[in-house]
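Just so it is clear, A, B and C label the chains in written order, and each chain counts residues from 1 on its own.
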């Protein structure tokens, strides 16, 4: 039998060990990110000669090289024009579909869910040419629509939110709302979305990052330099005869492109945490 | 008044809820895939006339030992990767959801653990190629110095050149890139569990392990199913990291080539493009993923149902 | 209630942004110039009216050419640059999808075979290409032809390969740094073996990696009359690479890796004592005592030579550091080349005449060639008259050597019939086979048999005589 005091000490030691462990893991996770930022300050020759954790003095040089090659603000703006609506579409319509699949017993429910799972399994590259031909037919080549509209149907997110709703939404709540005479859409907007919000925010982060970093599809669809999203723009740094010279600039571009992600991450994260303290949504 | 309607009419709202999803899904996902399905039955190279050749492409896939080797390679890398990745994510989830320790800083750690995933795979590959170089890489030099310090010697391992070692190296890097992702998903699931379950448990005087096994784990099962299925789908389509780290001219390539890399050779590598065959490979991969997923779904099925009921009973 | 506001805000935001996005895409043609505002003005090419010639390229060079073309002729050009590794996917998807937008598309030698076979390029002979046949270095002209000999593409540059060597080490070891004499030290594989041993005895290593003579390997094509052809030269090359590795004659870098670049600027740590392979772990190069014993006073070594195409002139220039001026270039054991951007007209282009005018301007115009030599700081053009004109230009990084006449000579020797569209896959498989022999993973017989299997798997239609 341990005394109360012993127990407290034991807990404290355990907590210290745990913090140490997760802290160490954090260092390991932070390491490549740090290396990337350091490389943004080094010249291409320095980068290809040796690995280093000490910053160098070529930050300005890399920046000059970068803006000589690509129009970064334009790329950021274009990426925002694609990523933000796409993320919001995914978040809203996926939650809608997920809720429908989780709590309504209509005839095609199982078919839709099965289709979602099956199409997640088909390698995406396969339908690239079919997708492009569709866009040509609909006159959508070189427009942002083929990058934004498909976000309404994001199988992975629907799947996640369906599973999430199953564990987070008590059915009694829906019944109670119905007894109060609430319209189903009203229930969804006022009661379900708040309960699902940690899940929606989590998928929001993932979707935004996915869209922000998306490369293949925008590269295939966009034909005008001034319409390029950031990753497509940055990839053109590799087209130089003198590849090496652009290495530092590439790292700098990647570092810059991570900033909006961090902002979105922080924004959504706050939202995820707040929902825990606001656990009593139902009252 | 709506409240007098039968339950069935409520259920019809379900059609409306999945309508926007379904329309867009049919246009932008289903149609392009079905449009390219017939290609796998033709001899189309890049452009021009495609002749119908029946199941010849599929027969060729089944008969090619390199396809099966690629599948084996994929499963080996993925197997090691998934154990590490999900194991780590699960442990972290346990730590951060522990009702006794109440660890702080979740917001911070969530971002930091996700960082490896934010860096383009090209940079990750380049970084590890440099660090893990056999004779010049920092990693071997550090280990050898440590060994020397303790009076022993270390025979350096060629981490990225030795075909017997490199699949595991890639699996570890892959896990390191993705554990944060799995962790975030699991944590979202934990945070979605209605708080009154925990409160009720606290009033009943339940211990931390009771809470974990009786509340957290069962309620998390749907999310765990999601994580398991998506990891499988993503894992069997593994491409970036092995593709970028190991050149086709390396002797280790044969042990690293994944199914997607095999597909890439016929789908997109100049000089060997064979669209018909690449399509057949893609559908074979799909069938394999489908088969394994069905097994997974079956394993999770019962629990999924009890869970829904539990939510309803409350 | 806060939540409700947030939700309303999100929804409103979605719609607004959705509209913005839709608007910007619908008005793609008319509105893009206005929207691109300041950005467009900088790009120069962005203010695209309907008649601008559209160029899709994988080389930034062409953007520079495009600007120069606009400036000289007043014609509008819009250059869109894509990353080289994804360019084939981009063009393939677009042309297969019936895209008529690009007028000019490009390719690197290993992509061209597919592009010709599938009708990506328009026929340049119809536009009068043969009038210019004599003005361009021969092998480049041939690379631009499809199987029937129809001209489909041209390049503004040549990329013959050469051996870049250290003049100071040459003086010390061989008593001369004359390119002719040093070239003789690389005349054939046996001579290279001897040269390598001589250099090792003097405390140097002949190459940083064992891939340096790859550009010069093989006497005949990989595929002849639909059959895989492994000639004696390939086998000799295999033996040479294995020997270089097993006899500790290189510095064991991987090509394009960090230490490989380091070796251009001087000493690299030499970490080897004896050959180590996976099958035999007896020797430990990291064991301090054994290491010291076997390397004696050799803690670092310098690398004598690199094998690179003519664009290596720029790579070396950027990396040699203090050794600038101490390098030279000589011929390798055979003639080879690597890379190069070839320009052609998309078969779906509706402005073939305009596009041809651009190609003529880029490839056949001596003034353009002069300008390019200066702008690129030393790229090697394909226009013979320009190469002859600059034959006496001395390059200080290479000890004042006259490189243009050297490259022209090397280019003349290139036998383009050796090049096939199978080269990338087969060459990689051969490299993997060599790799597994040198590290002891497989014996020669198994490795070659595995090589045959790989080739057969990729090209089931090829005849393979084992």
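In this text, contacts are C-beta pairs under 8 Å (C-beta built on N, C-alpha and C of every residue); 3 or more make two chains touch, one makes a residue touch a chain.
Bear in mind the structure is a predicted one, so any value in this text is a computation, not a measurement.
Each of A-B and B-C has its own count of C-beta contacts, and the greater count is at A-B.
Among the remaining chains, C is positioned farthest from chain B, on the basis of C-alpha centroids. Remark: chain B and chain C have CA centroids separated by 35 Å (rounded to whole angstrom). Centroids of chain A and chain B (each the mean of its C-alpha atoms) stand 16 Å apart. Across the assembly, chain C contributes 89, 96, 258 as residues in contact with two or more other chains.
In chain B, the residues touching two or more other chains are 130, 268. Residue positions of chain A touching 2 or more other chains: 51, 128-129, 133. Taken together, the chain B residues at the contact with chain A in this complex read 1-3, 10-18, 20-25, 27-36, 88, 92, 95, 100-101, 103, 106-107, 109-120, 123-124, 127, 130-131, 138, 176, 180-181, 184-185, 187-189, 191-196, 219-223, 225-226, 229-230, 233, 237, 260, 263-264, 267-268, 275, 278-279, 282-283, 285-286, 289-290, 293, 297, 304, 307-308, 311-312, 314.
Across the complex, chain A meets chain B through its residues 11, 14-15, 18-19, 22, 25-26, 28-30, 32-33, 35-36, 51, 93-94, 96-97, 99-106, 108-109, 112, 115-123, 125-131, 133-134, 146, 149-150, 152-153, 155-156, 158-160, 162-164, 166-172, 178-181, 183-185, 188, 195-196, 198-199, 201-202, 205-206, 209, 213, 251, 254, 258, 261-262, 265-266, 269-270, 272-273, 275-276, 279-280. Listing the residues of chain A that touch chain C in their complex gives 44-45, 48-51, 69, 71, 73-74, 81-82, 84-85, 88-89, 91-92, 128-129, 132-133, 135-136, 140-145, 148, 189-190, 193-194, 197, 216, 219-220, 223-227, 232, 235-236, 238-242, 244-245.
By the touch rule above, chain C contacts chain A in their complex via residues 3-4, 7, 10-11, 13-14, 17-18, 20-22, 24-26, 28, 32, 35-36, 39-40, 42-43, 45-46, 48, 54, 56-61, 78-86, 89-90, 93-94, 96-99, 101-102, 258, 261-262, 265, 311, 314-315, 318-319, 376, 379. Listing the residues of chain B that touch chain C in their complex gives 45-48, 60, 64-66, 129-130, 133-136, 140, 144, 147-148, 153-156, 158, 161-164, 247-254, 265-266, 268-273.
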